[in-house]
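Two complexes, one shared chain (subunit A), two partners (subunit B, subunit C).
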Partner chain A sequence: MSSISQNAPGKTVLLMGNEAIARGALEAGVKVCAAYPGNPSSEIIGGLAKVAEEMGLHVEWSINEKVALEVATAASFAGLRGLCAMKQNGLNVASDFLLNLNLSGCRGGLVLVVADDPAGVSSSNEEDSRIYAKLGDLPLFEPATFQEAKEMTRSAFELSEQLGLPVLIRSVTRVSHARGNVCLDELPKSSTKPRFENWLRFTPLPAIANHKLLHEKLNRAKEMAEKSPFNFYRGGEKPELLVVTSGSGWMYSLEALINLDVQDRIGVLKLGTTWPLPERFVLDHLKKADRILFVEEVDPFLENNVKELYAQNCVDLGLKTFFGKASKHIPDVGDLSPEIVTNAIQNLLQISYESRPADYSLRAHEIAAQIVPARMLGFCPGCPHRATYWAVKIALALDGRDGFVLGDIGCYSLGMGPSGFAQMRTLHAMGSGTGLACGFGQLNRFGLEQPVVAVCGDSTFYHAAMPALANAYYNGSNFLLLLLDNSATAMTGFQPHPGTGETATGGEAPVIDLRAICKVFGAHVEVVDPFDVASTVETILRLLEDKKGVKVLIMKRQCALVSAKHQKRLYRVAVEEERCLGETCGCNRLCTRVFKCPGLMWDRQTGKACIDEAICTGCGVCSEICPASAIRKEKA
Partner chain B sequence: MTTTQTASDNKGLKALEQKVLGSNLCAACGACLSLCPYLSSRKGRVVKLDNCNLDEGRCFAYCPRTEVDLDKIYSKIFGKGYEEIELGPVRKIMMARARDPIWRKKAQTGGVVSSLIDFALRKGIIQAGVLTPRDGDLLPQGKILKSRKGILSCAGSSYVSGPTLEALNRGPWKGEERIGIVGLPCQVLAVARMKTSTLEKKTPIDRVDLVIGLFCTWALDYKPFTAFLHERVGGHSIKKLNITPPPERILEVTAGGKLHQVPVDEIRSFIRPSCRVCLDMTAELSDISVGTVEGKEGWNTVIARTAVGEDLLKEAKKTGVIETRPLPKDNLDHLKEASLLKKRRAIDALNEKGGIEKAYFTLSANLVKRILSEAPENAK
Partner chain C sequence: MFIPKDPFNIIIGGVGGQGNVLASQILGEMLVAQGYVITIGETYGASQRGGAVMSHLRISRKDQFSPLIPEGQCDLLVALEPVEGLRILDRYGNPRVMTLLNTRPIQPLDVISGNATYPEVSKVIAEIRGLSRRVWTLNATEVALEMGDPIFSNIVMLGALCGIGVLPISRQEFETVIKELLPSRTLDENLKAFDRGKETVEEVTKEK
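Right, the complex of A and B next:
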């Protein structure tokens, strides 16, 4: 992988979309970069953290996205360039600040990259962040290629500085996480000294005056967009169909045109500045065709805004027919693919085209099934969360009052599925499990008899659950919070957080003690090791029954993937075949049928369980749950 | 093996869940516990932790509330069917009490059960007892006990059923011990089912050489009962419970240095539904059954049902462990009446619930008829 920090103008390197964005920021002379990790955005700040020292940057993993944006904004207020990156959910968290920052304006270039996750592949939701640009009257770029990802980022800083406004870049998974060629430009040598000029004032007030000013800035942005190199048209003067697209839709559209061999029949209007729209430029191209198809991922943002523009100008333009999400030619949920775009164009042009044999999918599945073992979405071998949910499952069953688990965002969200024994009943935003628990914990006065349990990871706790916990104590709520402290932001790639003792750039950091925080917030706090299943079950049962108020049980055990990197395994685990009861009464494959750690295998030939030595992390939990004591663990 | 059978053909956990646990028929005897990882219990409630898809399992086979063919099981244990409908098979019936006051002092009545288990241990007839001590909060639990101190800790009653038989299944066993069990009627039925089951055993049930059954009219559900008691006695820990004989029937609760009196009618709602369909008051499937004697404080009614039981009683008497007297005829008649009344009530309850044909036991129509005709009217 090419380093994003090499100063080699003209050199073409292979970069991931997120790295291209990071490179663009470096070429723009960014100084302060902050984010809370979240896929598909994590590699932007993660990549910059790696070069922070050599490039003289401040790069941090902030406690949450709002704070991250505030940190980057401070640089801008002081005259430096600041970059903030997040995923779509993160923008919801940061939006309160952002929708005041638009009115206050900023100074040094300030760019906010939001990487959307169409189809919610690594998210709890599917959401289109572009609506925030319109909501906040902020300029928006949408890169369609890797080169553009870099160029746009650089341009976004310049535009931001020219307007005194933060500029949004909206990426999507297929741009952020794919790789392509990027031609590098020079890295600048700037040495601006930050200073907060005392004659400056950054406040949204007076709101009306600043709102007016904001609209003027947006109009200037609109004028600038008319000449933007990121907006262009490819096609003839009288195409049968005009495709209007942005972001990932551009490449998909090109591929569809090639598939169908209709490059000469169809024009493509590719927009890179999608808010504010370059109105004259768009109108000029609308004139070219009577049939228009919108290709974009997630919501009909472009589609609706262009239609709005058309409505204003329909007298001049005459009758047009629009196709896209509203007409159902493009799906209004999920991510796009070249095949989806090909199908849409094929339908509109009445072309008969078979992208692949009709039974291709079926055959592919059949062949795959023969060579690829079936694998469910689940926890890694030795994951402490599996042990936690196992204990929770047993404790709630024994408690017998139909207690339930309110979930949160992290690896442990998989507690919804078989890997977490389907224990988790709710899942929303960061920290919402604890927030919901605050509410449920008040319902006993109306007769709710079920015990309330929330789960929350360590990173999520710092991010958003702390206010909920303080609220619980203050308002006298009653629930049990299981704080799953695996000492990592595991799901997004093991970024450090305030509990890990390390900064984004690998430096030493003070550790904010979870136990101390919870105590200060008035909770009764205990700590267990989830690998000690029996005592975890007992502790949960006791806390469910005995104490009123807020109880926090810290499930202390490092993420198996983190500990595998620098610790030897805890135990050597082996199955004593003579003892294994297999499928017979007394066991019936508890370990491989119910517990299902991937490190356990079922040997059909012998009818016994065995250990997959290659992936077993030696946590020893299976040895605790085996009813026949057939799984032996020895200190490794 | 995975099953393609319907739930009604299943004789495993699936059926147990449907017919017993889910139908509130569990007696909390402990027979299904510690056999596998799918069942566990807490505070008198047996809980299914995960699904098991086996077609048949010991949980179902050992349960005293699933498909019991009474005639068959009595034949296997006693060599004769379910024909002595009053008290079950009787070789000898008498009054008895322990001679050593150490047993009588802590006992609910005459101390016979404790002294017999202690005697059997000392004589080497058994090497371990599966008994039911209670924790500080009246919660009964099965335990393997081998010492006099341990036996003493089990004396007395909390009127709550507990999973005694779990201890038999769980061990730990060295592998040689001969075992004695003291249990309620549901538990001695479960032990008989264990002994006669054709499934691979994997437990030391074949080394159970002595079964002492306790008379029982009903047992209470631990959780609601103790919640009620704690409220009554103001949160003090409860030292002793005793129900006075009829006609008063008062529950005496010793707690916080005071004696609280609770009319038995006030605790009837805590009787386990499982007890309402139980036919057995005198723990018929035992070697020896032991109960109280109405009107004779400090004495037990004792029934020897098998040669093992008879021999043990003979030896215990000979060595001065217990003393016996004949059971007065009035008491015997009364006992038979009470036993038949329990059977009649169970049959009536089952008939109300959808018919005796659907009951957990099979009993010939003829025997049912005999019970109904010989039992006293269903007086309160």
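Right, the complex of A and C next:
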């Protein structure tokens, strides 16, 4: 990874959007950085953690996003610069604090980066976090390029300090998780001593007076936005169509104009400060064209705000026609692509365009439809979650009372799909499987007879499920919580958490023992290794039979990708051809048809199972699945 | 040596876990060092979990292009897995595309379970040949397994990419970049993987 900490002004390096944001924070002299990992935001704080020691920063993985924002805000209250980063769902968690912080204001530059995930590439939803800027009267930046991601972050710190307000940066997957050229600037040498000035008060009260002050600050931000270098226009004085865009829409729009060869017919107004809008600047450009197309990702935020502005000024501006999500020229769900923008402009200008010869498309589609099999997501080979869901499936079937599994956010969300044998039945917010179980566990008094099982990952447990577990004990709920302890925040890149004994910067940390917490919360606690399938099934069955109170079964087995980095494989696994009875076995290909670990294959020539040695990680679980004992494991 | 077209669009695609992200980053760094403007777009969410994944590289002398290659406009496809190569050509191929292919299949879950079949690899290569202007192949996974770890497959493919001579990249630049990016203890093995890829790759001529 090209180091974000090199002091080489003028040097051009290849940076991920998230790394560019991290570099911008370093160039702004940030001192405290905090986050809970969540894609597509994780590399911002992850990158800063790697350089924390040499740059003299405090960088932490906080227990959740609200605490992360509070940690960064404390730095700001003490006069230092603080950075907080999160994904869109995280802002919901942090919003309770944020929507009071706007009224109390802050002191040292405080920047909150939210990386949205249009199309939910690595998320459960595709919410648009820009709405929080409007809700909280907070200034908002939207970077469109990697260079801009760095520059905007630096500017956001300055703006925050000038206004005494936190500033939001909204990135998206295609900026955060993409890479491009970034030219570096100087790293400052600052040594501000933190001090909490005792004559200052940080409180939203009195709410009305502070709300008024907040509006005044926002008006100042609006004036400053009028001159922002992040807002600019490219095009002629009388374009046939004006494209108004922000964020990732900017590069897609340029791409569309090149594809269609209409650079001289269309103007593009690119906005980087999208709340509050630079009103005079926007109105000046609306005058240029009668037809206006909005290009932005997820909600029609820019579209609605510009239309609102137009409504107040329509007498001066005359009739305009607006195109975008409301007119269905741009889809109102999913992410953007060069094709979507090209199609929209093509339709509006009524020009024809073919990206490749039609006969090629036809041939390629035919071949793909005939011979290319679908490839769905699944647990990695050797993943402990596959073993867990297998045991759950068998235990619930043996129990026979139609029990069900409530879940939430993590790698184990894949338990909804075929690789988790479709065992998980609910998925919402972090920790909400356990919260829902609290409720289901009360329904037996109304006649619910099915056993209630919740699954929760270790990092998710610390983040949001602890209150639910305390609630369960206090209110006398009855369910079984399977705590999937793979000793990592695996989904987002294996970040450490309070159970791993390691800090974000690689230092030693005290371990908050899951077993001890659950016991304190009044649960009956046991621990199993999910790779030991038989005893896992037996334990689950026994705990399901206990009809009183909260039971926690800790499924203890490290993430296969983490253990592969520092541990030898457990077993060499092989199929004994003589023992595998193939289609005649009567197991109906249990190993491949049902268990279907990617390390297993069905050899069509021999009609028997075999192991893909390039994929198998040697967990040995499949050897317990095979009824003919044909899959053998030997200690590696 | 220069890029053959501006922007020159490369897709490195395969199955999550095969290392397309690292390969695209190494290639990008090699080109930035020569003054090119690079954009790389990646499919991340599925990267470790066995799904179909791609990295899009845009290489230009002058402009920063968007992180997604427009459909039908791939110039060079580096396919780490056979049917993934076809899947990408279906969406991004065109008559001028060149393809470098790792011939070792990874079976999708639907194939493992028997709900779908994996086509004969020779058939896949023939179809890719029909949809591409030029095609080169090697079994990069086999080469990596011979070295003792399939993890080197992506580096073997980068060596092969250097070997086909389409891009302005050399072993020297590869060495400089991986010295910065990867732990030094892996340097010798990565260089060996690169060299083995470069030696092993072969062009598939049109036989029909």
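Operating definition for what follows: the second predicted complex is superposed on the first by the 613 of 636 C-alpha atoms of A that agree within 3 Å, B and C clash if a C-alpha of one lies under 4 Å from a C-alpha of the other, contacts with A are read in each partner's own complex, and residues count from 1 in each chain.
Basically, a contact is a pair of C-beta atoms (placed from the backbone, for glycine too) under 8 Å apart; a residue touches a chain by one contact, two chains touch by 3 or more.
Predicted model, so just to flag it, every value in this text is computed and none were measured.
By the touch criterion defined above, A:Leu69 reaches neither subunit B nor subunit C. Of the two partner chains, subunit C is the only one touched by A:Ile615; subunit B is not. Ranked by how many residues of subunit A each touches, subunit B and subunit C are led by C. Of the two partner chains, subunit B is the only one touched by A:Leu541; subunit C is not. When the two complexes are overlaid on their common chain A, residue A:Leu269 makes contact with neither subunit B nor subunit C.
Contact with subunit B, but none with subunit C, is seen for A:Cys585 once the two complexes are overlaid on the shared chain. Of the two partner chains placed around the shared chain by superposition, subunit C is the only one that A:Thr342 touches, whereas subunit B remains out of contact.
Of the two partner chains placed by the overlay, only subunit B lies in contact with A:Ala397; subunit C stays clear of it. On subunit A, the surface touched by subunit B in one complex and the surface touched by subunit C in the other have residues 594 in common.
The touching residues of subunit A, when paired with subunit B in their complex, are 393-394, 397-400, 421, 541, 583-588, 590, 594, 625, 627. Here subunit B touches subunit A in the complex through residues 1, 12, 35-38, 40-43, 45, 47-54, 56-58, 199-200, 202, going by the rule given at the top.
Taken in their complex, subunit C has these residues touching subunit A: 15-17, 24-25, 28-29, 32, 37-46, 48-52, 64-73, 83-84, 86-87, 89-90, 93-95, 104, 106-114, 116-119, 123-124, 127, 130-131, 141, 145, 150, 180-181.
Residues 1-2, 12-14, 39-40, 121-123, 145-147, 173-175, 177-181, 248, 251-252, 254-255, 259, 337-339, 342, 355-357, 360-361, 363-365, 367-368, 371-380, 411, 414, 418-419, 561, 589, 592-594, 596-598, 600-602, 612-615 of subunit A are the ones touching subunit C in the complex.
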